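Next up: some structures, all given as structure tokens.
Note that chain A is present in both complexes that follow, paired respectively with chain B and with chain C.
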Partner chain A sequence: MTTDATERRASTPRGRGSLLALPALAPVLAVLVLGLGSAVLQSVGLMPLAGQPAFTTSAYSALASPAVADGMRISLAIAAASTAIAVVLGLTAALLVHRIAPRRGFLALLAAATVPVPHLVGAIATGLLLSDSGLVSRLLGADPTTFPQLIAGPWWVGVVAEYAWKESAFVALVVLVSLSQRERELSEAAAVLGASAWERFRRVTLPLASPALVVSATLSAAYVVGSYEVSWLLGRSYPEPLPVLAYRLFTDVDLDTRPEAMAVAVLTVGVAGAIALVGTVMLRRTAAAR
Partner chain B sequence: MPSTHVRPRRVGLLCVLAGASLSLTACAGATVAPPAVVDPATSWSLVTSAAQGQTVNLWMYGGDDLGNSYVDKILAPAAAAQGVTIHRVPITDTADALNRVVSETTAGRTMDGSVDLVWVNGENFRTGAQASLWKCGWATSLPNARYLDTRDPLLLNDFGTPVNGCEAPWHKAQFVIAYDSAKVTSPPTSIPELLTWAQDHPARFTYPQPPDFTGSAFVRQALYGISGGVASVPSTYDAATAQPLEDALWSKLSGVAPSLWRGGQTYPRDLTALDKLYSDGQVWFTMTYGPATIDARVKDGTFPATTKVLSLRDGSLGNASFLAIPANAAHSAAAQVVANLALSPEQQAAKADPSTWGQYTVLDVTKVPESLRAPLEARSAISVVPPFSTLSTSSNPELSATWVTPLEQGWRKSVLGG
Partner chain C sequence: MTAVAAPPSPRIDTAVARPSRSRVGTVVRSAASAALGVWWLAPLVPMLLWAFADRWTFPDRLPRQWGLDGWRAAFEAGAGSAMASSLAVAVVVAVIATPLGAMAARALETHDIRHGRLVGVLLVLPVAVPPFAVVLGLTSVTLRWGIPGSVALITALVAFSLPYTVSVMRAAYAAHDLTMEEQARTLGASPRSTLWRVHLPMVAPSLVMSAFLAFLVAWSDYLMTLVLGAGRVTTLAQLLGSSASSSGHDSSVAVIAALIVAPPLVLLAAIHLSIRRTAQR
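Now for the complex of A and B:
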């Protein structure tokens, strides 16, 4: 472990570093502390819209309802499914671009093209494409009543597809950056030493790409858990993913549901936070394994 | 106004001290209201002179193209001629405007709020009144309020909440159910018949999921229809008397659910989604609280030309919608000028023209000078929607807004989740 002297020597530049990061950190902290803080205050009744503030945990006891449990389950399922697909697709795309095009400008651009498309636009496009009277259904000349229920159907196919499509581009971009020239050299060296293609993937490429994979998968899963518009546009009436549930309670004509809306929002933040935590632990592991 | 006897400066101090929403009405009143002694004409001229050069942020549902273009092309130029600029803020749900006002007032923005005027419906009006978010007492003193029937029940109570001059009427509306007459050969004439029809024709009927405004209205219409008419439903919610009525309604609606679109497993998320299903021919019925949109959609070919309005034996829900000024509005004088202008016979007539917007007038036609009467009841030569006088013959009064929440929650629990 470090001695006092080395620690002191290291602390100065590190302190200066955090000082330099302050301008970037300040707005993040402001949003987190003020926004999240007022959400928490409203959820425990300390910031009421009418009447006197009084501490209460009733909004949190109301979370023990089947609607919230089902919402949590569907939120996690959507996040898990779309992230898994995005990781596979994104990694494949990144490897293809990395292998095929050493000067990967154009192909990388192509792989990243979906990143700037807003989820809202993606969701509407997915709906137009996959709904039972959508473009695909019409091209196939299918009967809308017998066409598989991809949009607003029991398996949330449209929602998962949209997230997977968008997030796979993000995963591809991050992984592509991490697979530097070093991967190619190490791979070639391994090939010279007689490693098969699978062994090279397993022992060289994947370990090099895994930190980037873990980071991008964590970010995308946490994002999906907190995202509203895709589930609202392409999902079904019940169960409601947590953000959809929170927003419905938030806009309820009855102002008394506001604390409960805030409690669901805080719960959503908690779930996203837990995902981030799991991701951090996994990142430590992959980094340590290297 | 509750606080006219308090001197304005004192009120200002109270506002700072209280901070919260309780005394907002009094605060905003004090900042713009003229002293109580002046006569109405002078006080109105004070309002108009204060309004000069101000920009009104008018928050309104933005999903209605005709409404947007009426405000931009007809109302706004007329307001500009009176020295007021209208900035239309399109929103997807009136609750968004309310939320903005709530957030601003909780954050202490009690004087210069960003919402000046809201096109509001009864549910949100009640919510706002609950939290004292509205500026009150101004609507009755608008010069053009003289054309209104002061005893019209639709204008005295908004979904059971007394209006008390806290909002100015804008238009009247009638809930209608439309169908494709090419496919529905023997149209039902009542809600129970409609539900029976739905059971006989699987997957051809559905309604938007409450709390969508139209879906909520359908549930209230169904409550009247299944309970045996307007007389059987108390207008104010009371858990004890409501229970048997609700039980009957939920058992009927969940009974019919398996025969709805997608087997009642899911519902169109809003009216837009239902209209799409209807225009794609997946369902054969749609519904709306703004009948003029049906004419417009038939005209532009979105809806089949064979669309007709269901004539319900027991009539249908009718209401009036209003313009309200939040208590923290930054430009409340200009907002009053716009609300007054919107009530003028000329504007009401322009708005009633189906090719403009087709919103029914709130004015009492007998009080309007004869030369201006005819266009107020205008409708296009070829219209699928019957005239307002026919539609509203046996108009059902809206239930009190106290019903809205129990019905929405009950539907979610007993029909959707059950």
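Now for the complex of A and C:
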């Protein structure tokens, strides 16, 4: 904050500023507090669909089941794999666009056009591309019975590919914005001082890009852990990633599964929150290292 | 002679070595750019082919018969009214979330508000919270209190759009020059005309970008609409989800998917062109 900003802040009355922020705070707080509060209350039996409220932790004991543990594992694995691919590809694309010319406008344009594509559409497009009768299989002239099961297969290739596809575009755009003219100048200075290409990347480019990388990777991973439609369309029936498991329990005709659905939802919020927290700590560290 | 026999300076050496190294580099970079181009374009190719394929049996590499059967089937399945619903929801969300985000951003950037940091964190918090968990809980409350599903849906979508509108507008107000507004006031402009003729035109590009992002959050949503709309709000995404999981009629599914992808891309292109044109003026 500059002194100029401090002065102009001090000149405006406090009450008016808070009033300006209130209309935005209201829906955010209402939705988060009511939504998460009700999920927690339902998970501990204090907001039953029928009957008297009675506190119980049975839904949380049910979380020890293998279905939840496997769901948690697959959710984290999908998030880790797709985020890792997205970071590598997104950073590569950002560096290509930022640094050197060949068709850079084209690449930036493609990344900007990929980000607004909804995941639901991405999932369907990925299915049409990678399924055993999809375009890749057709182009290779593959036998559908021996074509690797990329969609709904044991390795979740389609799910990871879809998330990595869209998140890599997101990472590329965020990193590109952060790599300003300064990176080019510092990199050139380092080159004049005799730094090799690898040294320049390691000591100039990466440190300048890392806050943007950490932020975009964190947002991607937290999003993937809490996202439903891609795993629902392209995943297998077991193990179910946490959101898919929660939604299936939520829509079960047996209403007794409701508390467990809410417990899985609360668990997912915890996992996403933990990812956000790790990201914040990492961001502090990269910022401190600079 | 001795001067000629002197070893060339390292400077000349690198200058000679450079072209060949950078030629290899150019090839590598071009290949990497092309590979990334394929990576981002590939999934959309079969979607576009299917949208115009009347007959495309396995193992044909290209559709055997081109046509618009998929479009007819998609509109018979209700793509027209679904598009109207999607537009209505997304426009309402953008119209609400943009001014709310702008006001909050203005408060955070130019006023000394109480607990400003906390307010800033709370307003971006929704990006780290899985929307499905929130709406699974929220729907029980709205049913219990008799709140209409559409109201709950719009509120939830606004809440999940605000992190984007607030962030974009905070960046705008951080770079905003307040002295222009002060000068207008000094010269006798009313607060209202200062707002409409000085303040808002200055942040207009960011307002447009905020509105686009809020529109996109609502336009792309699947699960929040499914749960809070309880099957009564049929947006394009709902139609796509239900037809993808049931019919298996690939060409109409591809058409609905294309109908979802096109409007945001057209909007984005229009925004970029108009911003560039205003910047040139």
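Going forward, the second predicted complex is superposed on the first by the 257 of 290 C-alpha atoms of A that agree within 3 Å, B and C clash if a C-alpha of one lies under 4 Å from a C-alpha of the other, contacts with A are read in each partner's own complex, and residues count from 1 in each chain.
Everything that follows uses one rule, which is that contacts are C-beta pairs under 8 Å (C-beta built on N, C-alpha and C of every residue); 3 or more make two chains touch, one makes a residue touch a chain.
All values derive from a computational prediction rather than experimental measurement.
Participant: After aligning the two structures on chain A, examine chain B and chain C and state clash or fit.
Facilitator: After superposition on chain A, which the two structures share, chain B runs into chain C.
Participant: In the superposed arrangement, does A:Ser133 touch chain B (first), chain C (second), both or neither?
Facilitator: It touches chain B and chain C both.
Participant: After superposition on the shared chain, which partner residues are touched by A:Thr145: those of chain B (first), chain C (second), both, or neither?
Facilitator: In the superposition, A:Thr145 contacts chain B only.
Participant: Based on the superposed arrangement, let me know which partner A:Asp252 touches: chain B (first), chain C (second), both, or neither?
Facilitator: Only chain B; A:Asp252 stays clear of chain C.
Participant: Which chain, chain B or chain C, is in touch with more residues of chain A?
Facilitator: Of chain B and chain C, C contacts more residues of chain A.
Participant: Does chain B (first) or chain C (second) touch A:Ala189, or do both, or does neither?
Facilitator: Neither: A:Ala189 stays clear of chain B and chain C.
Participant: Which partner does A:Val177 contact after superposing on A: first (chain B), second (chain C), both, neither?
Facilitator: A:Val177 sits against neither chain B nor chain C.
Participant: Considering only touches as defined above, state whether A:Ala69 meets chain B (first), chain C (second), both or neither.
Facilitator: After superposing on A, A:Ala69 lies clear of both chain B and chain C.
Participant: May I ask you to decide whether A:Met47 touches chain B, chain C, both, or neither, giving the answer as first, second, both or neither?
Facilitator: Both partners, chain B and chain C.
Participant: Could you tell me if A:Arg236 is touching chain B, chain C, both of them or neither one (first, second, both, neither)?
Facilitator: first
Participant: Answer with first, second, both or neither: which of chain B and chain C does A:Ala287 touch in the superposed model?
Facilitator: Neither: A:Ala287 stays clear of chain B and chain C.
Participant: Touching chain B and also chain C: which chain A residues?
Facilitator: Touching chain B in the first complex and chain C in the second, residues 47, 49, 133, 144, 232-233, 250 of chain A appear in both lists.
Participant: What residues of chain A sit close enough to touch chain C in their complex?
Facilitator: 8-10, 12, 14, 16-21, 23-25, 27-32, 34-40, 42, 47, 49, 89, 92-93, 96, 100, 102-104, 106-107, 110-114, 116-122, 124-129, 133-135, 137-139, 141-142, 144, 162, 165, 168-169, 219, 222-223, 225-229, 232-233, 243, 246-247, 250, 261-262, 265-266, 268-269, 272-273, 275-276
Participant: Flag every residue of chain A that touches chain B in the complex, lowest number first.
Facilitator: Touching chain B: residues 47, 49-50, 66-67, 132-133, 144-145, 149, 152-154, 232-233, 236-238, 248, 250-255 of chain A.
Participant: Please name which positions on chain C make contact with chain A in the complex.
Facilitator: Those in contact with chain A are residues 25-26, 29-30, 32-34, 36-37, 39-47, 49-50, 58-61, 99-101, 103-104, 106-108, 110-114, 119, 122-123, 125-138, 140-141, 155-156, 158-160, 162, 166, 178, 216, 219-223, 237, 240-241, 244-245, 250, 253-254, 257, 260-261, 264-265, 268.
Participant: What part of chain B is in contact with chain A in the complex they form?
Facilitator: 20-22, 93, 95-96, 99, 102, 106, 123-124, 126-127, 130-132, 203, 209, 211, 262, 265-267, 269, 280, 282, 401, 404-405, 408, 412, 416-417
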